[in-house]
Structure formats: C-alpha cells, structure tokens
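Okay, so subunit A shows up in both of these, paired with subunit B first and subunit C after.
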Partner chain A sequence: MAGRPVEDRTQPLSSGAVNLLFAAPALVLFGCFVLLPVSSAFFYAFTHWDGYTAPRWAGFANFERAFTDTTHLMSYVHVVLYILGTLVFEVALGLGVAVLLNSERRGFSLLRGFYFSPMVLSMSAAGVLWAFVLDYRSGLLNSLLKALGAGDLAQPWLSQPSTALVAIMVVSGWKFSGFYMVIFFAALRRIPSSIYEAAILDGAGPFRRFFSITLPLLRQNVMVAMLLAITGGFAGFDLFFTMTNGGPFGATEVPATWIMKTAFDKNQLSYGVALTVVLAVVVMAISLVYLRFSERLNVHRY
Partner chain B sequence: MKMAFRVAALATLLLSSPAMAQTELRITHATTGGGEKEVLDRIVADFQAANPDIKVTQIPFDDDVYSNTGLITQLQGQDVPDIYFQWAGFPVKRDADAGYAMDLSTALASDGWGDTFIPAMWTAGAGTMVHGKPYLVPISLDVTNTIWFNESIFEENGIKPPANWEEFVALTAKLNKAGEIPIVQGNNEFWPFGNWASHIAAKVVPPEEYAAAFARTGKFSTPGFMKAFEHIVELREAGGFNRDIQGLGADPAMATFLEGSAAMHPIGSWLIGSAKEMADADFRYSSFDTPVIDPAHPLAHSVIGTVTGFAIHKKAKNPDAAIRFLKFFTNSDNQKLRAESGALSPVKGVNEAANLDAQTKQMARMLAEAPAMVPPPDTTYPVAVAEAYYQAAAYVAAGEKEPADALSWLDETLAAMGKQ
Partner chain C sequence: MFTATERPRTAGEWVQFAVAMLLVAAMFYPTVWMVLSAFKNNREIFRTPFALPSVWRWENFAEAWKLGNLGTLYLNSLFVTSAAVTLCVGCATAAAFAFARLEFPGRRVAYRVMLLGLLLPPPTVAIPLFTQLRDMGLLNTPWALILPGAAWSLSLTVFLMRSYFNTTRTDMEEAAKIDGANTFQIFWWISVPMVWPAVLTMIVLNTINIWNELLFALLFIVDEDKRTLPVGLIRFYGYHNTDYSLVFAALTITTIPILLLYFILQRHVIAGLTATTMD
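Entry: the complex of A and B
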C-alpha cells in the first residue's frame, strides 16, 4: 500500500497534440457531415441561387424577405397550433390511455398493442392511408356519414382551410399517442402500488390519485414527452406533405413544407436555405429555453 | 495445370468481353405509365437490338418529382445522365445558360436530321432554341389544356360542346343542376387549374399587358386580369368547381373523369395515353378548347400548348451514342408509334401518316388549325412568378378571395419576392 504511487489529480488525464489523433476520425466525420453542410448552408442563405446557375451574392435580402413573407410567417402559427394539437392528441391522450390500460387484467396487454400498432407504419404510409379515409367522394369517413344518414356532415376534410389542420392533428394523434402511451406506461409501472393503497385508505378518489400522485411522479416523463412533441412538431413534414402538401391555400403550411416548396417547386434554393437557417435558429432557441425551464422545475427546494 | 489455366482465362475473356464492350447510355425522363411508356420501352428495346454495343438505362421519375428535385440533382451529379427530358422554353434557356445542355447545331445539321422536323420547331417561339442555337430535340407536341368531356353525360343532359364562353357557363350550370359533377379538377399542385387560368387570361388580357405582368415589368392588378378572374367567378357561381378542388391531386382528378364520375376535365393531351390504360373500353370522350371569350381579342382562338423534348447533357459520357439514340427515337417509324400512343409528333408527316385515334386526331387538328399557340407560364417565365399567378387564380376558383383581392395579393407577393 505504501509503495503505490499517489495519483496526481491536478494533471489532466491526457495531454499533447498526439491525442488529437484519437479524436481525428470523429472530428473528420463531424466536419464533413455536419460543419461543412451547415457552413455551406449559411453561405447559400446569403445568395440568390436557383440551383442551376451560379449563386450571386444577395446580402440579407433572403432574410428580409423571410420576415415579410406571410406564408412563411403563418407557417410558424400553423406549427404552433399543430404542436398544441399534438400535446392534446398525442401526449395527453397517450397519458390517459396509459393510465386506463395500466392493469394486469386479461386482454389489456393486447389493447396496449393495438394502441401502439400505428407506430409501426411509416409516416408517409399513414398519410396516404388517411388521405384515402378522408377523401371527399369515396373516403371511408364520408361514406360512413352518408350510410348513417348524416350525409350533410360530409366534408372535403383536406380541401378546406377550416378542417385540414385539425384533420392532420387527429391523424398525428392516432399515429403517435401509442408511442407516448408506452413511455408513460413504463413509468407508471415504477410507481409503488403502496402509495396508491395509502391514498385509497385516506379516501382519495381516482381523479385525486391521478392529479396528486400519478401526474407529479410522472413529471419528468411528461417534460420529456413535451420536448419530443415540440421538437418533433417543428420538424414535421411527411404527414403534411402526403396529406395536404401545405394546402389548401397554405392552411397547413408548416416551415418544412414551405422550405421544400420554395427551394424545389419554385426553384429558389437560396431562399429555401435561408428559411432553413431561420428554422434551425428558432428550434435551437426553443429547445434551450425549454431545457433551462425544465431544469429549474426539477430543482427541489428544502 | 497450364492447360486448365489457359481454358479458364479464355472462358473469363469470352464471358466478360461483351459486357466490357457495351456502352451505357443513361436517359432520365418523366414517363412512368400509360401508352407512352409502353412505346418508350419498345423503342429502347428495338434500339438495343439494333445497337448491341449500347445498353440503355432509363431513370424515370414521376413528373412532379422530376421537375422539382429529380432532374436538378442529376444534372449536377458526378454521374450525369447522357440524355434528359425537358420542357421547351424557360427551362431549356436556363439549362443552356447554366452549361448543362449541349449545343446540338452540328448534330442536327448532319444527315439532314434537323430538316425532318416541322420547320416551326426551330423558331424562337418553339422554345427549343437559345441564342439562335438548338438545345432540345423535340419529341412531342402537347396541348397543355383542353376541356375533355364525357360524351355519354353530355348526351344524357342534351348538351353539345359550347360555341362561346356564355354557353360554356350555361351548360356548366345545367349539369350542376342535374346533379352531375360538371368539372372535376385536382389543383393540389396549383398548375392544373393554373395552366387553364393562364389560357383564360391570355384570351382576355391584352397581350402586352399579359407579357408585362408575367415578366414583372407591369402589374397584375389591371382591368384585363380583373376581367379574366371575373370569368373564373362566373364559372364558380355556376357550380363549375368541385368542392375538393384544392385537396385533390391531378392524377386522382383524371381518374375521377375516366371512371365516368364527372362531365368535364380540363387537362392536357396526355390524358389520351392515360385513358388507354385506365378507362373502360366503352368510355366515350372528346374535347373542346376553352371557348372564345372575347371574339375581338387577337388570341381568341388560340390553344395553350408546349413542346417537350430530349436534351443531351454537355458533360455526357457518350454524346455520340446519345445522338444515335435520339435519331432513332425521332425517326418516322418510332414517332408514328408514339403518335399512335397519344403523343403528337413534331416530325414532318408523321401525324398525317399515323393511324391516330379520334382524340389524338382532334388534338392534331386543334394544333394545326389554331392561329396561335400560347405557352404555359411555368415554361416561359420564372417558375415562382407562374406559381404565384396559379395560386391567385386558385383563390378565386375556390371562392377564398374575390378577383381584386387575389390580384392585390399576387402583386404584393411578387413584390415581397424581390428580384429573382
């Protein structure tokens, strides 16, 4: 014991340029696939470029346009509405279903499987499937309404601005609530049953138990689920693309679909890239604010 | 052992030599189905049989994907296609200026190849020439919008093709009252109705005013465009547009017409090829051009159409094989096959000699008799300007905006867009 050298904890574990060699492969990959595309995006955002001809320097023109482009600005309103919708149709519904199906009774695990099953489908497949269901003339929903004698309620769900965004929110809820259900279900299983037993002895009803025990103990999971829903919402593209492609008249236009349209449909790649830079900054800012906020919430004061 | 080695080496040489000698000719296009695709595959097979040293690889895309991302990524890739499909007009000029399309002057001058085409193909208006030089080998003439109608539905309702716009609006109202879907249009991508709306405008707006607005030297908020949009309102008020117009894609709308569920469908001449594949044998249909709106207008009897063709990439690995293929593709026999599949030929005498079906004959006659051909804005002007006009027209068709508001929106949108 006496002969063992004393570890000098003031020295760094490693030092010297040679250590860069160990980091080099990761740095090269990071540089090639992250830094280079990001910096080239920043460059193109300051040019006029249609993707065919050589880019011309444009200064801040693309960014100035971005802040006067009403379709672009409204796309953020739509994505915020969509995120609020996903918090209800995905996170809250997932939580509700997880609580209701948190049982060992026969058949419940099969039910959980049913609720989770839409997750197996790709987003594009789900979008195409629901576009058929919601089709005005031959869709399942309108056919059902007509069969029930409520033909007057049949609507071109995806063709009118008043219903298209809500329709997408519902489909998104159908697709993802099962995913959040699984997250919450796993967390629910970790809550000791003794707490509920004590609450029942104290006369707490199901709602009181949910709001006083379940929800506070799931707070961490709810925060993660909300973060996933918010960042996922901003990145939302495939469901919008396959179901409405941003239409009708931009009523379901979200930043990602508008970026695709400007960049490729309208051959304005540099403007599309500038909008991507704006989106990246917005998502980064929201994530930082949210993480900061959620960290504060997790500090226990004694 | 030595003998065995020699046999093995000879066998390897024999097996590998044909593959090594073959030249791969890469062709990218937007023909994915219908009669035209069948004919294209047949021409490719015949070409390969006649040229065993060349293997043709087709790289097809759906037309929207092709024009949005499919072509642009290929043109700039390391392994460029030797031949690519393109719409005449603005895209060809852009490709020539950007250095993607090859100047075909020498190739077309050899063996009188250029002289086999209708002379009009080599005029500035055809959109195949840039700075006086040819960059596109024309392969078909497309009417980009005509009004197809279901003959059975017309007969059942005692209706005949209209002689003018007023009659057109009246028959639309009559069909609507009879419980039919008068016109089915799938405008999810804006161009299907946009093309038609630009033809309506071209027949009403003074030509200089029309060109100035699209070239952005003038405004769209003019009495001429106002009049054009008011005609769209007339049609809307007659029940002319299906309720799901903005949610429906172009292909599902065409399918709705071909299955007999709608009386009329305004779309291009490519419907003929799709009808051969999708419609029942007893489906009877015909077409009439957008009726005359203002008889005094110089383009009152115009048709809206465009030329499509193949360009050779400037960096093509096999330009000689590409030229050989295009000469084969545009020879009279192969063009006849294409015409009989519904693609009108730009080659002299082919449409007259081919055994055309009634609808293709009608398109040929329409093009031959029209005093003028109006090109669609998205092949003539910057795409962003054309798309903005298409959206403004869609606003009016769907009743989302009144004509004056739609035109103001259009001018404001273009102003915010800045100089492109």
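Entry: the complex of A and C
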C-alpha cells in the first residue's frame, strides 16, 4: 500500500497530437497576455527604457536603486503591517464569525448571506463608500462618536499618517472577512457533532471546545486562508488606490501603488518594471515556502 | 431541519442570535446609510446623518446618472465582462477537458505552466502589458480589457475545472467513444453537459472578478466614454467629491443592482467565490 504511486486515472479517451487543439486556445491566450508580458518584464527590468525608444542594457542598476529607494523599502514595511492587520480583521474575524453564525436555527442563513454581501461589491465602490464613512467632517464614524458623546475621539482617519493604514485594514476586513467566514463555515459543518457532544459530557466549556477541537480540526483551512490573505495582500492595489493612493505623506504607500506611480506618473518605466519583478519574486517565494511548510504540518493531522 | 427549529431555543442560543444580529447590522449599516444619504441633500447628510431623508429626492439619481454618464459605463462593463467571461470559460473548459481526459505531447508541461498564473499577481505585468497592447493597437479599446482579463482568469478556471473533471466518472464518455463518436462530439454532447454545474460556478466567479477589475481598466483605457464602472466611479468621486448626495446616488446606482443580483443568486455566488479553496 504505502509507497505505491497514486494512479493518475484510467485510460485517456484519446491520444495524439491532434488533442492539443482542445488546449490550444487557452494556451495561446495565456501565452500572449500572461507569459509574454511576464518574460518581457524580466528582460526590461535589466534595461533603461522609456517605453518608446530601444531599451539600453543596464545590468543590475535598477535593482541597486530599488534597494536604496526609501519609499520602495517602506512600501514593504507598510504592506507587511497591512497583511498582519488582514490576518486579524479578515482571517481571525472570519473564523470567529463563522463559529458565531454556525447554527441551523431560523435566521442564521440570512445573517450569513448579509455578512458575505460586501464581497460582491467592487473595491472601488467599497473604497469610495468608506472614504465617506471615515470622512472627518460628515463621516458616519465621527458622527457616531459625536452622537455617543465621544466627539473628542473624532479623527481625520484617512488624512493623518497614524490612522490611515489601520483604517484601510478595517475596510479590508469589512470587505473580505465574509469570504473567510464562508470558508470556515463550510469546514465547521463537516465536523461531526458527536465530537462536541462527547466534549460537553466531559465538561469542556465553549472556549475549551474551540481551542481543543475546532481550531485543530480547521488547521488545514486556516493555513489556506492565511496563504490567500498573504499573497493577496502583497499584490493589494485597489483599496489603497481608491482610498489614499499612498498618502498621507506616504503612510499607506504599498508596492503596487508605488510601482504605478514610478512607471506612469514619473515616467520611469524600466525602474517600475524592476520593482514589479521584485514583487513577483517575493510573492512567489513566499507562496512556495509556505506551501512546503504547510505540507510538512499536514503530516500530523488528526 | 424541522426538528432544529421546533425545539425551543436555549438562553445561550438567544444570546448567540442577538450578538449575531448586532454584528451583522453593524456590518450592513454603511450600505443602508449610503442608500438613505443618496436621497438627501448635502445639508441633511451633514446635519442629520442617521435620520431618514425629509424628502425622498429621486432626482439625485437622475442627475448622477446623467452627470456620470453611468448608462454608458454600465454598457461598457456589460460588454467587457460578457466577452471576457465567455472567452475565458470557453477556453478553460476545453483545456481542462484536454488536461483531464486526453493524452497529447507536452500535456504535463503545458498544465504546469498554466498553473504558474496562480502565483503571479497581475500588477507584475501591468507595465509590459501596457506597451504590448499599445504596439498591438489595442490600447483604449474594449479588447485591451477583454483579452488580458480572460487570460488572467484562465489559470484558476482551468485548475478548478480540471479538478471537477477528475471527480466525475468517465463511463458515459467511453460508451460514446465505443459508439463511434469523435473526441469533439464527446466533449460537446457528453462532457460539457456533465460538468455544467461547474461551468456555471466558473461563470459567476469570473463575472464578479472581471466586472470589478480596476487596475487594467485604469491603465488601458483613456477615453471617458470607454471606461468601465469601477474606474468611472473613482473618476466621478474625484470630480464631485464635495457633492456628497451626488456621489452617494452614483454609488447606490452602481452597487444596489449587484447586491440584489447577489441575494437572488446567493448560493451560486458563494460557491463561485469560495471555489478557490475547495479541497
């Protein structure tokens, strides 16, 4: 049994080069608009190039500059902070809400539907809406604070460096925690209720049941969710562009917004391309290391 | 189901329900506030943010619709999304069929290469893609969004469709082969109807992603009248950001139909958006 390779599948329906025709349209499309620009990115990153005239070879000049560009380096600090925030506001909150909404009672299915609904909105709509919620003068949040008699706590949330990044994390949580809630909810439904009944008989309280049963059984799902949050976070652009576009004073500058600014606003195309190559390598390296690491963890499953 | 609802709720279950209600109400409140504010004038939005509008100003919507040229934006988004989704799901279904059921030279390599797209974030190609589309003469045309939009959705769609093919039985296809059907006939008449539920899920998933796509739409379209909704909305906000009621009206017009559609197709939408993590 052990060591025998898993059988791929039974006989193919048909074999021969003519079958390539079925995959050809997808491969051509993918080749033209994914592989070709990715490979030209890896080429242009090593050149001086303005997008119009012929590129001149530059060696590692763009990369040397990338590692001394303070804004660029800070953008990684911001994005890592943002990802840590999304692990709390998206993944952890999603898990907590999945447990809270895990009931067959009437009304819960509707509540889950509502909780998930921000997921279908575009990032730009969510960003514009929340720019109003967080507005200093007439925003919903500050109005609420005033109504509760805590008007001194009102802040210009998005226009001061100390709160802007946290504000974006919260909006991100609002938009995406429903997604993680649904994933965890689906996983929770698969845990047999007999395990919980046995634990209750043994006198385990709700917290004990969560940490000793639910969390270990959902480890696989938590790992996948964290991977999605991390890789998605590094490439994050839409919310940052819509709400602050890197401001105030560069406090929310992340790799994607900085790349678009250098390439298109400052007209330094090849330098922008080099920054995208750095981003692609970082994201791919993290995914591969993470997948290897989580595979090792999976060996000790229940 | 019935037994669960008939048994009276325990105190703990009532607490759970109350906490859940409060949480979901807080989550959904910004959306309600957006719709109510869309009916107010700026003075009211500022003075009485929590109250119902004193007069329901439907004319806000007409004005936002006209000023923002929202009808054109809707049509552009509809065209781009339907073309890109058709292209992507069509190509991906055929490719997934080939990768799961057929044998041909380079099959394994081709599949691995396609999966590379799962690891690549789209911002990494935005700049070379921009110059490439310009050189192809596609910049500032819907095709600048349709072709890259479809191509960047392929990896995930092929991956998920192939996994679905692998969970289905091959008896029907083999029976058709014995009856003398050729590979294309088997694909079209047997396999596609068989995996149709997955095709629908992929249509929903890609429709949402492409409808909401921002980065490519921002970079590859220059003319105002060719823009899609997400970009149009940001521009509208940029021009009218002091005219709150107008922006709220535009936001409401662009989000409420999507939300209604979501509540109607809820089950499919959730299946589509969480397909990424199916194990």
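Side notes on the structure shown:
Keep in mind that, in the parts below, the second predicted complex is superposed on the first by the 264 of 302 C-alpha atoms of A that agree within 3 Å, B and C clash if a C-alpha of one lies under 4 Å from a C-alpha of the other, contacts with A are read in each partner's own complex, and residues count from 1 in each chain.
FYI, contacts are C-beta pairs under 8 Å (C-beta built on N, C-alpha and C of every residue); 3 or more make two chains touch, one makes a residue touch a chain.
Because the structure is a prediction, the values reported are computed rather than measured.
When the shared chain is aligned, subunit C comes close enough to touch A:32, but subunit B does not.
Touch criterion met: A:137 reaches subunit B and subunit C at once. Look at A:264: by the touch rule set out above, it reaches both subunit B and subunit C. By the touch criterion stated above, A:51 is placed in contact with subunit B and with subunit C alike.
Within the superposed three-chain model, A:194 lies out of touch with both subunit B and subunit C [touch as defined at top].
Once chain A of one complex is fitted onto chain A of the other, the partner contacts of A:284 are limited to subunit C, with no touch recorded for subunit B. The partner of subunit A that touches more of its residues, comparing subunit B with subunit C, is C.
After overlaying the two complexes on the shared chain, residue contacts for A:244 are found with subunit B alone; subunit C is out of touch. Once both structures are placed on chain A, subunit A residues 51, 137, 264 are touched by subunit B and, in the other complex, by subunit C.
Against subunit B, in their complex, subunit A makes its touches with residues 48, 50-54, 61, 65, 68-70, 135-137, 156-161, 164, 244-245, 247-249, 264-268. Residues of subunit A touching subunit C in their complex: 9-10, 12-20, 22-23, 25-27, 29-30, 32-38, 40-41, 44, 51, 97, 100-101, 103-108, 111, 113-125, 127-133, 137-138, 140, 143, 147, 174, 179, 182-183, 186, 220-221, 224-225, 228, 231, 234-235, 237-238, 241-242, 255-256, 259-260, 263-264, 269, 272-273, 276-277, 279-280, 283-284, 287-288. By the touch criterion given at the top, residues 1, 4-5, 9, 13, 16-17, 19-21, 23-24, 27-31, 33-34, 37, 45-46, 49-50, 87, 90-92, 94-95, 97-107, 110, 113-114, 116-117, 119-132, 147-148, 150-152, 154-155, 158, 166, 170, 173-174, 177, 183, 186-187, 208, 211-212, 214-215, 218-219, 229-231, 233-234, 237, 244, 247-248, 251, 254-255, 258-259, 262-263, 266, 269-270, 273-274, 276-277, 279 of subunit C touch subunit A in their complex. Residues of subunit B touching subunit A in their complex: 68-69, 72, 75-76, 94-95, 97-98, 100, 188-189, 242-248, 256, 261, 382-384, 387, 391, 394-395, 398, 400, 416-420.
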